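Order of writing sets the chain letters: A, B and C. Residues in each chain are counted from 1.
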Amino acid sequence: MDKGVTRRLWKDRVATLLVTILALVPLIPLALIILQLAVKGITSLNLQFLTSLPHPPGEEGGGVLNAIVGTAVLLALASALAVPTGILAGIYLSEYRDRTLPHAVRMAADLLQGTPSIVIGILAYAWVVRPMHHFSALAGGVALAIIMLPVIVRTTEEVLALVPRDLREAALALGVPRWRMILKVVLPTGMVGVTTGVLLSIARVAGETAPLLFTAFGNPFLSLKPTEPIDALPLVIFNYATSPYADWWRQAWAASLVLIVLVILLNVAARLLARRMKGE
Amino acid sequence: MESTILKTEGLKAYYGETEVLRGIDIDIPRNRVTAVMGPSGCGKTTLIRCFNRMHEMVPGARIEGKIRLEGRDITSMKLIQVRRMVGMVFQKPNPFPTMSIYDNVLAGYRLSGVKLRKEEAQRIVEESLKKAALWEEVKDALHRRGTFLSGGQQQRLCIARALAVNPRLLLMDEPTSALDPKAAHRVEELISRLKETVTVVVVTHNVAQAGRVADYTAFLYLGELIEFGPTSQLFTAPQDHRTEEYLTGKFG
Amino acid sequence: MEAAKGDQLFEILSRLFALLVLTIALGGFVTLTVLSWPSIKTFGLSFMWTKTWDPVAGKFGALPFVVGTLVTSFLALLISTPFSLGTALFLAEYAPKSLKGIMGFTVELLAAIPSVIYGLWGIFFLVPLVRKMEIALSLPPYGVGAFTASLILAIMILPYATSVTEAVVSLVPEELKEGAYALGATRWEVTRYIIIPYARSGIFAGTILALGRALGETMAVTMVIGNRNEILNSIFAPTNTMASVIANEFTEATSRIYLASLVEIGLILFLITLVVNILARWITERLKVQRGGV
């Protein structure tokens, strides 16, 4: 009897060790990536890097201003397209759920969410680049917007569905028309959750490269026009990293640092907002 | 003879195929407090939800028969107009969480897009909060969120909000059942005073409460109006044996 | 019930945007099919098992890329599953309260790192490492290849599998575990005989979900897989996946048939991920029915 117990305890200890090792191993690549980013990127990160335009290939120096501005423009375009659409669609799914259409829309949103981002890039290429006959920031914005859309729709629907029924009834009982009840009671009550969803979706597309490869395409010059090709941090990182120039590799690391800081800030902002919502 | 503010004629209410109210004829007397009581599932909440046309919001719900408010058939009136004349307070206090106390009171106007001059708005807020016996407690904190108040205060805020649009009839669906005894008592006192300006119909499952606040009481059982009359009369000399059994706690 | 003008308008407006979402999804499928039609017509079903990819001769076949995708994705799954399971169990059962927060945070951080940054790290850290290993094993020192891509994919899908698995594992009812502990079971025995069987379907669903992500992953794979349009003859050979060949060659597709073939690959990828996601959803639904609404 005693021998059996010892064996079991021994097994338990080995299992605990194994599980702990398995859990700690993923930390290694994370630490390595962050370390390399910090070491290789931080020395190149200076004001000049952030405020100047790229130099011709092979020539040292230059910066990523065009990419930083480009990322900002693309995110703004994508948000302008995806946020109103997503929120209104989410409102429809939540407030008119006893119709037949919502089921199909939900499935469509899930389908879009699971689609690889490069395929979405192909769609934006077909719908925007082809008719316009050249690459553009608009095409990139459309691609990113399609990626953001399902997240915003789902989050909005879920958050609004949580708003208690008697809040809606109280407004209706006051003689408030339904559409005003939705816009002025239900939506504001769920606003924090909706905003969190929006922030998270922006954080997700900020780092997307694949859908931009043949939509926004890239541009070594500063461009604010939606009809012109535009650059973005992820695009620059990809192009520099796969180029033969060591100076560009250095800049890729620095640009990565900028990108990851942006993504982390957006995630943290969403997290803080979510915690505030729980606190209320 | 009391003047009647709301009258039903053969009112039946259905949820799909299920008949929940089986032909109710009731006259609600003006400027009095009428209690509607009965065991769970008797249809009392459904009854008052017919009065402000909230019943029909449920998919598959419908009514037969007539409801006349101040003589007019409410199904022929504009929905929004009905809800202006008939206000409702719910069981669980539900101030709008994103609005201040001030904005909550004015919600009936704001949410409908009605613009009020500043003096008008302030007057309405003060009057309504005073009618709801809440003014003294919140007058210095009108711009704080409504959700910071205690349960009883929140409920009085909801009453003020309902009163702010000057309804003729105020429906209250078990307004104190989610409150502690002290807060409940304050709301009951309030109800008795309210009848000076508005007619009150209170749904309650608490027999003693009906005895305390109501001038008239209606007893509902399984969707039928069993008995209706002055509270004192109903309680001391009930005509129907079922009323008596309910009052003495034989079922409930 | 009378609907005021405003109510009608609002419902129509919101319905319009909801319809827009539906249109994008359906229109997407239609667009992919239409754009790839020249290729579908020319090559038919044999596209799926033709291994030639010759833009000059105008002959295209998707087999190298399908194989590349399947091999890298399943290998990545194989590598990462023990770690995602272990991390999930660690987080849910084994970790002391203090570590739980930090570990959860690091898992989220792994998920937040953009693919292109993984690729950058892959090029400058992983590829040289794999090259050293290949030299040590007397293999051709490519450095890049399917194996490297699988490694990076494994790291990238880990957080997704972990979070789903952890969610399912933490849903195991306390009473079940306590009943076992009260009988004198060790922590490992509770894990092995109570937790894992109970959470089995959920763990499987998490795996399928991670597979779905791996199938569509583009950038990091493109940067370390070697970009050779041939079926890999060994795990260490350079090759391409469906996603990476599109990324590489789309802007250089000069002829109509070339573009159509690339889009057809995109269509295949779209359909495969659709099937995988439906599978994952179906498993989750069955899990709910089994457990009665977990």
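Note that in this section a residue touches a chain if its C-beta (ideal position, glycine included) is under 8 Å from a C-beta of that chain, and two chains touch if they have at least 3 such contacts.
A quick note: this is a predicted structure, and the numbers were derived from the prediction, not measured.
Colleague: If you average the Cα atoms of each chain, whose average lands nearest the overall Cα average?
Modeller: The most central chain, going by mean C-alpha position, is A.
Colleague: What chain lies farthest away from subunit A once each centre is taken as the mean of the Cα atoms?
Modeller: B
Colleague: What's the distance between the Cα centroids of subunit A and subunit C, rounded to whole Å?
Modeller: One centre to the other, that is 17 Å.
Colleague: How many angstrom lie between the CA centroids of subunit B and subunit C, rounded to a whole number?
Modeller: The mean C-alpha positions of subunit B and subunit C differ by 56 Å.
Colleague: Distance between subunit A and subunit B based on Cα centroids, please, to the nearest Å.
Modeller: Using C-alpha averages as centres, the distance is 48 Å.
Colleague: Check each residue of subunit B and list the ones that touch at least two other chains.
Modeller: 57, 79-80, in rising order.
Colleague: What residues in subunit A touch two or more of the other chains?
Modeller: Within subunit A, the residues that touch at least two other chains are 177, 180.
Colleague: Hunt down the residues of subunit C that sit against at least two other chains at once, touch-wise.
Modeller: Touching at least two other chains: 4.
Colleague: Name, in rising order, each residue of subunit A that touches subunit B in their complex.
Modeller: Listed in rising order, the residues of subunit A that touch subunit B are 98, 164, 166-167, 169-177, 180-181, 184-185, 188-189, 191, 280.
Colleague: For a test of understanding, state which residues of subunit A touch subunit C in their complex under the given definition.
Modeller: Contacts found on subunit A: 8-9, 11-12, 15-16, 18-23, 25-27, 29-30, 32-33, 36-37, 40, 84-86, 88-89, 91-93, 95-96, 101-102, 104-105, 108-112, 114-120, 122-123, 125-127, 146, 149-150, 153, 177-180, 182-183, 203, 206-210, 213-214, 217, 234, 237-238, 241-242, 249, 252-253, 256, 259-260, 263-264, 267.
Colleague: Which subunit B residues qualify as touching subunit A in the complex?
Modeller: Of all residues in subunit B, those touching subunit A are 52, 54, 57, 59, 79-84, 87-88, 90-92, 94, 96-98, 107-108, 110-113, 147, 158, 161-162, 165.
Colleague: Which residues of subunit C touch subunit A once you look at their complex with the stated criterion?
Modeller: 3-4, 6-7, 9-11, 13-15, 17-22, 24-28, 31-32, 35, 82-83, 85-87, 89-91, 94-95, 103, 106-110, 112-121, 123-125, 155, 158, 162, 186-189, 191-192, 212, 215-219, 223, 243, 246-247, 250-251, 263, 266, 269-270, 273-274, 276-277, 281
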